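Letters A, B, C, D, E, F and G mark the chains in the order given here, with residues in each chain numbered from 1 onward.
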Amino acid sequence: MTDYYREYLAVAVLIGAGLAMVGGMLGLGKLIRPTRPQPQKYVTYEAGSDPVGGWGQSNVRYYVYALLFVMFDVEAVFIFPWAVRLETLGVQALISMIVFIVILALGLVYAWRKGVLRWA
Amino acid sequence: MILNQFLVLAAILFCIGVYGVLARRNGVLVLMSVELMLNAVNINLIAFSAYLRDSAGNVFALFVITIAAAEVGVGLAIVLLIYRNLHSPDLDNLEQLKG
Amino acid sequence: MVVQNIFFWVLAVAMVLGALGVVRSKNVVHAALYLVVVMAGAAAQYILLAAEFVAWVQVLIYIGAVIILFLFGIMLTRAPMGGDTQLDNDQRWPAAVVSIFLAGVLGSLLIDAFGKKEIVISGARGAKLLEVGKAGNLADSIFTAYVVPFEVVSILLLAALVGAVVIARRD
Amino acid sequence: MTSTETPGFEVDPALYSNLAGSQVNVELDTGDMILNMGPQHPATHGTLRLVVRLDGERVVAADPVIGYMHRGYEKLSEFRTYPQITTLINRIDWLSSFANEVPFVDGAEQLMGIEAPPRAQWIRTILTELSRIATIYLFLGEMGLQVGALTPAFWGFRDRELVLNLIESATGGRFHPNFNRIGGLKDDLPWGWIAECRSTMDTILRGCDDFEDVLVGNEIFEARTRGIGIIPGELGAAYGVSGANLRASGVDWDLRRDGKPYLAYPELDFKVWTHADGDSFARYWVRLQETREAVRMVIQLLDGLPEGPIMAKVPRIIKVPEGEVWVETENPLGQMGYYIVSKGATGPFRVKIRSASFSNVSILPWLLRGAYVPDVVTILASLYFILGDIDR
Amino acid sequence: MPKFSKPKLPGVISGLAVTFRTMTEGAVTVQYPHEREDPAPRARGVIALKEENCTACMLCGRSCPDWCIYIEGHKELAPPRREGGKPRSVNILDRFDIDYGLCMYCGICVEVCPFDALFWSPEFEYSESRISDLLHDKHRLGEWMESVPEPEPLELGAVVKGKK
Amino acid sequence: MGLVEKGVFGKKPLKPVTWLLNYSRKYSLWMFQWGLACCAIEMGAALASPRYDMMRLGVIPFPASPRQADLVVISGTVTDKMAPAIRRLYEQMPDPKYVISMGSCANCGGPYWDSYSVTKGVDQVIPVDIYIPGCPPRPEALLEAVVMLQERIQNEGLGNDQLAQRWRGEPIVVDNAYTAARA
Amino acid sequence: MHVLALEIGWGTTLAIKTLLVLMVIPLGALILGYTFLLKMMSHMQSRLGPMDPGGFHGWFQLVGDGLKFLQKEDIMPADSDRRVFAMAPAIVVISTFLIFLVVPTGPRLIVKDLDVGVFYALAVSSLSVVGVLMAGWASANKFALIGALRAAAQLIAYELPLLLAVVGVVIQAGTMSLQGIISAQVDGSIFGFSGLGNPFILTQFVGFFLFLIAAQAELTQTPFDMPVAESELVAGYMVEYSGFRFLFFFIGEFGTAFAFAALAATMYLGGWAIPGVTGGLADLLGPLVLFVKLMAVAFLMFWVRFTYPRLREDQLQAIAWKYLIPIGLLNIIVTAIIKVAV
C-alpha cells in the first residue's frame, strides 16, 4: 500500500518540480531581463496594421470533431482494461467488445454519411 | 481516512452544483454545474467502493463518467442550437421558443 | 495515515474553492478552468482511495475531452475577454438558500449515518483494497457481472452521438 | 492595350455571380471575423496587405490593400534621362530586372529608328531567359514553402545562385544589371561565359526533376493545390491576368510567339505550355515546364550566337525624337508593357507602365471568395506576384 | 492533358528519397567570414577614383541619377610644359565625395567619365554603423583603386572596341 | 528592472557572466523575416541560399512574429505608407533588439531620393545599428554586417548606461563631425 | 534500491530521479532540436546549419537560445488575460514532464513503474491541449485563436489513433506497465523462435505506423503542422508569446517529441532491452540502448517533417477519422482474435 502511495507521491513531486522550474526560470529571467515599455509594444500583433475590432470564434465543425472524439475516447476507456485481461476473460469478452466497437463504429459511419467529416 | 470526509466533501460539491444550476443562466455554465454534481456522485461511488473493497463502485464510476461525457455532448449541442436561434446562450429567454 | 489526510484536506479545500469559482466566476472560460481544478482534485481523491485506473480515466475523459468540449462550446458562443455580467439570473439568493439548506441536511444525515467508519488502507485489507482499483479487476467485473449495462452504454453513446450531430449540424 | 482586348474572349457576367456566390455558405451564424494579413505577413511575400472577412475558416470577402510599395515610377521617369530610366526600371519587377529593361529600350530604339545588332539581340534574349529562369525557379521553391515543405525553397535558392552568377559575371549586377543601352548592350560576354552557362543549364534541369519528385509528384502537394483557386480562362483574361497564370487556365497566349516579334524569339523553336485545369497545381506545373522550356531556348541561343558588334551607332547624347510607342513583352510574370510619349527631349515626356502582377492580383477578390484560410496562402503563392510589380 | 515526365513510385516515397540523397551529397556552402569567394570582376561593388585622371569636369556628377557625387575644384596655373610657353590652367580637385548611402550602383558615372578616372571594384565590405561614414571622400575612394581588377577578355565572336 | 540595465545592485556584473550573456545573445539572433523590396530577395538569399546560409552565424529565421525576434533587417524601400507599420512592428519586438538597414533605400531613399512616396531612410522612424550600402548589397555584405553587429553585442557592457539608452530605442544621432570637418 | 551497492532511502532516490527528469527534458529537447531541427534539416537543404556558435559545429546554438531568452523582455499584450496567459506554458511543460515518470531506461532505472503506465502517459500528454487552448484564447489575438482551435481539434483527433495503436500492444503484453511490456517483448517469441524475443514492431507493425503518424500529428509536425503553420497564421497560438514563456512551448514541443519517440521505442522496439543482456549490465547499457532506438524513431519523424508539404485542416481530420481510426479498430480486433485463438 505504502509503495502505491509513494508512486503517486512521485507524481505530485514531479508536478511540484515542474512548477518550481517554470517559476524559477521566470524569476531568473526577471532578474536579468530589461523592461522597456514603448507605446505600441503591448498592442495586439496583427501583421503590423491596427488590430481591427470584432472577437472571433470558432466554427461548429470543430465542435462536432470534439464530440466524436469524446465518444471514442470513452470507448478507449473500456478497451484498455479489457485488453489487459483478454486472455483470462476469453471469447465471451472478445465478442461483447467486438459488438461494442461495431456499435460505436456505426456512429462514425453515420457521421461520415452526414458529411460531418467534410468541410462545407 | 474516514469514509465521511469523502462523503461530506461530495455533499458540499453537490450542493455547489445545485446552486450553479439554479443561479446560472448561461447554458454552458449550467452544464458545468451539472458536471460538478456528477463528480460529487463519483466521489461517493469510489469512496464506498473503497470502503466495501468491491470493484462495483469503480465500475459504476466508469459508467457515470461515460454517461456524463455523452450528456455534455448532447447538452452543449442543445445550447448551440439555442445560441443559433436566439444569438445568446442564455436559457432564460427560452420562452421565446414557446408557441 | 496522517499524510493521506493532509493531502485530502489540501485537495478538498482546493476543490471547494474551485467549485465556487465555477459557479461564481464572471468569465465563462475562467469557469471552465476552475472546473479543471475540481476535476483534477477529484482524480487525486480517487488515487487516495486506490482507484488508480478510474483516476486516470477521469483525467483523460474529463480534463482531456469534456473540458475541451466545453471550451469549444464556449468559443462557439462568443467568449468575451474580461467579465461578462449576464451570466447569472435573478434567483441567486433563493438558489443559495436552497443549496445551503441541502448541504446542511445531507451533511447531518451522513454524519449520523456513517459516523467514524474507517477506510482501512494498511495491512492485508489495504492490499486487497489496492487490488480493487486495478484495471484488471474492473475488466473482470465489467465482462462478467455488468456485460449488459456495458453494451447498453455503447447504444447510449451511439444515440448521443447521432442526436448531437443532428442538433449541431444545420442542414 | 491590355489583354482584355486580346481577340476572342467575351465575358459572361454570370461567371461572377454564380461562381462566386455558390462558394459561400455560412454554416453557423457566429458573426464574421476580420483578419488582417499583412502588410507584414509571411504569406504575402512582401508587403501586400489582405483584409479578409472570415466565417470560421471560410473567406467571405477578401480585399487586397496595395500601395505599400508604391514608389512613383511613372512620375520619376518624367524627371530622368533615358539611360537613367533604364537603370531605374530594373527595380519594378526586381526578380526579372533584365526583362524589365528590354521593352523600354526596345521602345526607345523604335522611336529613334535604331536597330540593335543581332548579337546584341541574341544576348538580350539569353539574359531575358536567364532572368526568367531565376524568377520562376525561386517560385518553384517558394510555392513549396508556402504549402509547408521547407526544403524545396532552399534548393530553389541554391541553383538560382548559379544563374545569378552568370548574370553578374556578364552584366556586373546580380540583380539590377542595367546592361541594356539604347542601340545595344553595355558590354560583350566575358570569356568562358558560354561554357559555364551550359553546365548551369544542366544543373537547372536536374533541379527541376527534384522539384517534380518532391512536390509535383507528392500526393499531399496535389491534395493541397488541385482544384484550389480555379481561374476560368475567359474570366482571367477579362481581369487582365496574363503570363503563366493565364496559360495555366488553358489560354494559349504567349507574347513571345503571338505578340509583335521582338528579340530573337522568331528564330527560336519553343513550345508554349498550357494546362486545362486553371488551378494552383496547373500554375505550378506550367511554370515548371516553362523553366525547362527556357533552358532549351538558352541552349539553342548559345549554339546559334552570331558574331559581330553589340552596339549600333548612336549619338553621344541621346535625344529621342517626338512620338509615341507602345511596347509589350512576355515577362516571367506575364505581360509587361511601356507606353512612351516623347517630346524630343533627353527624357521621355510620359511613361505609362503596364506591369503584369498588378493585373494578376486584381482577380484576388473574386478568387478568394469562399476559399479557406490555408488555401488563401496557396492561391497567393501560386499567383506569384512581385510587390514592386504591383505597386510600381 | 499534361503528363508528367516520368511515371514513378508514390510521390511520398520518392520525395523522401530525394531529400535523403541531398543530405548525403554534402553542402555547397561557402563559409563567408572564414573563407570567401571573390565576386565576378565586373561586379559593381564600389567605385574607385583615380584622382590624377580626374579633371573635375563634373560630367559624372551631372549624369548621376541620384546626384550622390559631390565635386569641388578650382583652376590653377601650372608651369608651362616647354620653356617660354604660356602657363596652362589645370583643374585641381578639392573635393570628390560619393555618398554610398544614396548611390544606386548603376555605373552611369563610370561610363560617362571621359578621362577614365572612375572604376568599378567588386569590393563590398564597407558597412558602417554611422551613416555619415558611408560618404567616401577622395582619399577613401582612391584607396579602392588597388582592388580594381583587370578587364577580362571577351567571349568568342565579340568585336573588341577601343574604350573598355 | 533588470541585470542588463542596472547591473546587480547598480554594480556591473562579473566579467564571465557578462561574457556568457553577451555570447549567448550574440549567437542567437532570431531574425524577424520581413521583406520589403528587391533587397529582401538578397536577404532571403543570405538566409536560405545554401551558398551563404546565414544560420551558420547563429541567425535563426524562425520567428514570423516580432514577439520572438531579436533582429530585424529593414531590407528595401520604406514608403511613407509603410513607415508606421515598421515603427509598430519594431516596438512590438521585445528588448534587447537590433536593426540592420540594408540597401540604399533603407539607408536614405536610394534611387527614389526624389520620389513623393518614399521615406528617405528608415532611421527617421526607428534607430538603426548597422547600415549596409549597396543596391542591392550582396548577401555577403549582409553577413559582414551581421558579424559587425555580433562583435558589437559581444562588447556591450551589461548594466552600463549608453547601452540602456540604445535599448530604450532612442534614435542614433548622426554626428556631422565628419561632414563638418570637410566644410 | 541499490546504487553502487549502498542503500538509499526511497525519498532520496525519488529526489534524485526527479532531478534527473528535470534535466533530461531540456536536454532531450536540446539534443533533438540540435541534431534534427538544425543540423539534419540544414544538410537536407545542402547547407551546414549553425557552425560558429560555440566553435564546433554550432553545438552552442540552442544553449545560447535558452540563455538569450532569459534576457529577453517578457511582453504581455495589453488586452490579454494575464493569469491564463501566464499559466498556459506551464501546463504544456508539466504535461511533458509527467510523461517521463513511466519511461523505463533500465530494469531499475525508472522513476515509478505505474500499473497503468501507458494509459497514464497518454492521459497526461492529453493535458497539453488545455494549455494550448488557454494560450490561444488568452492572447486575445485572432491568429492565436484560430491557431489554438486548429491545434486542439487536431490534437484530440489524433489522440484516438494513438490510444488505439497502443491497445494492440497492451493486448499482446497483457499489461499496461511499460516494464511489463518490455519484459513481454524480451520473453516473447516469434513462431516459437525466441532468440531475440519479440519486438512488437514485428507483430504490431500496423500499430507502429499508426503510432508514428499519430505522434507526428500530436507534435504538430509537418505534414500536420497546420496549427503552427508559419506561412499563414503567423505563429499559431504562440504568436503573442515572447521571452522565456515562448521557450517553454519550444521545450514542451521537443520534450514531447523526445517522450513519444521513447514510448515508441519502448513499446515496439523493446526499449532498453537488448537480447542477452540482463541485470546490472542492462542498467548500465539501458539508457544508451534506449537512446539509440529513440534517435532512430526520431530520425524517421523528422525526415518526414522536412520533406512533406502540410495537409489542410479538413484533409488532416479526414485522414484521422476515415483511415487511421478504422484501421486502428481493425488492428485491435484482429490482434484480439489472434490472442484469444492461440
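We adopt the following convention: a residue touches a chain if its C-beta (ideal position, glycine included) is under 8 Å from a C-beta of that chain, and two chains touch if they have at least 3 such contacts.
What you are looking at is a predicted structure, and each value in this text was computed from that prediction instead of being measured.
J.: For chain F and chain G, which third chains touch each of them?
T.: Touches both chain F and chain G: A, D, E.
J.: By the contact definition above, name the pair with the higher C-beta contact count: D-F or A-G.
T.: Per the contact counts, A-G leads.
J.: Name the chain whose C-alpha centroid is most distant from the C-alpha centroid of chain A.
T.: Farthest by centroid: E.
J.: Centre to centre, by mean C-alpha position, how many angstrom separate chain E and chain G?
T.: Computed value for the inter-centroid distance: 54 Å.
J.: Using mean CA coordinates as chain centres, what's the chain E-chain F distance in Å?
T.: Between these chains, centre-to-centre, one finds 25 Å.
J.: Nearest whole angstrom, what separates the Cα centre of chain B from the Cα centre of chain F?
T.: 56
J.: How many angstrom between the C-alpha centroids of chain E and chain A?
T.: From the centre of chain A to the centre of chain E is 60 Å.
J.: Would you mind listing the residues of chain A that make contact with two or more other chains?
T.: 30, 32-36, 41, 43, 45-49, 55-60, 62-63, 66-71, 73-74, 76-78, 80, 84-85, 111, 119
J.: Pull out every residue in chain G that's touching 2 or more other chains.
T.: Counting only residues that touch two or more other chains, chain G contributes 42, 44-48, 51-52, 71-75, 79, 114, 119, 140, 142-143, 145-146, 149, 152, 156, 159, 176, 230-231, 234, 239-240, 243, 306-308, 313-314.
J.: For chain F, what residues touch not just one other chain but two or more?
T.: Counting only residues that touch two or more other chains, chain F contributes 4, 21, 50-51, 53, 56-57, 64-65, 67, 85, 89, 92, 94-96, 111, 135, 138.
J.: Residues of chain E touching chain D in their complex?
T.: Result: residues 1-2, 4-5, 8, 10-12, 14-15, 17-19, 22, 28, 39-44, 63, 65, 104-108, 111, 120, 152-159, 161 of chain E touch chain D.
J.: Across the complex, what residues on chain A touch chain C?
T.: On the chain A side, the touching residues are 1, 4-5, 8, 12, 55, 57-60, 62-64, 66-71, 73-78, 80-82, 84-85, 88-89, 92-93, 96, 99-100, 103-104, 106-107, 110-111, 114, 116.
J.: Can you name the residues of chain B that touch chain A in the complex?
T.: 62, 65-66, 69-70, 72-73, 76-77, 80
J.: Flag every residue of chain A that touches chain B in the complex, lowest number first.
T.: Answer in residue numbers: 60, 63, 67, 70-71, 73-74, 77-78.
J.: Where on chain G is chain D touching in the complex?
T.: Listed in rising order, the residues of chain G that touch chain D are 41, 44-47, 142-143, 146, 222-223, 225-226, 229-234, 306-315.
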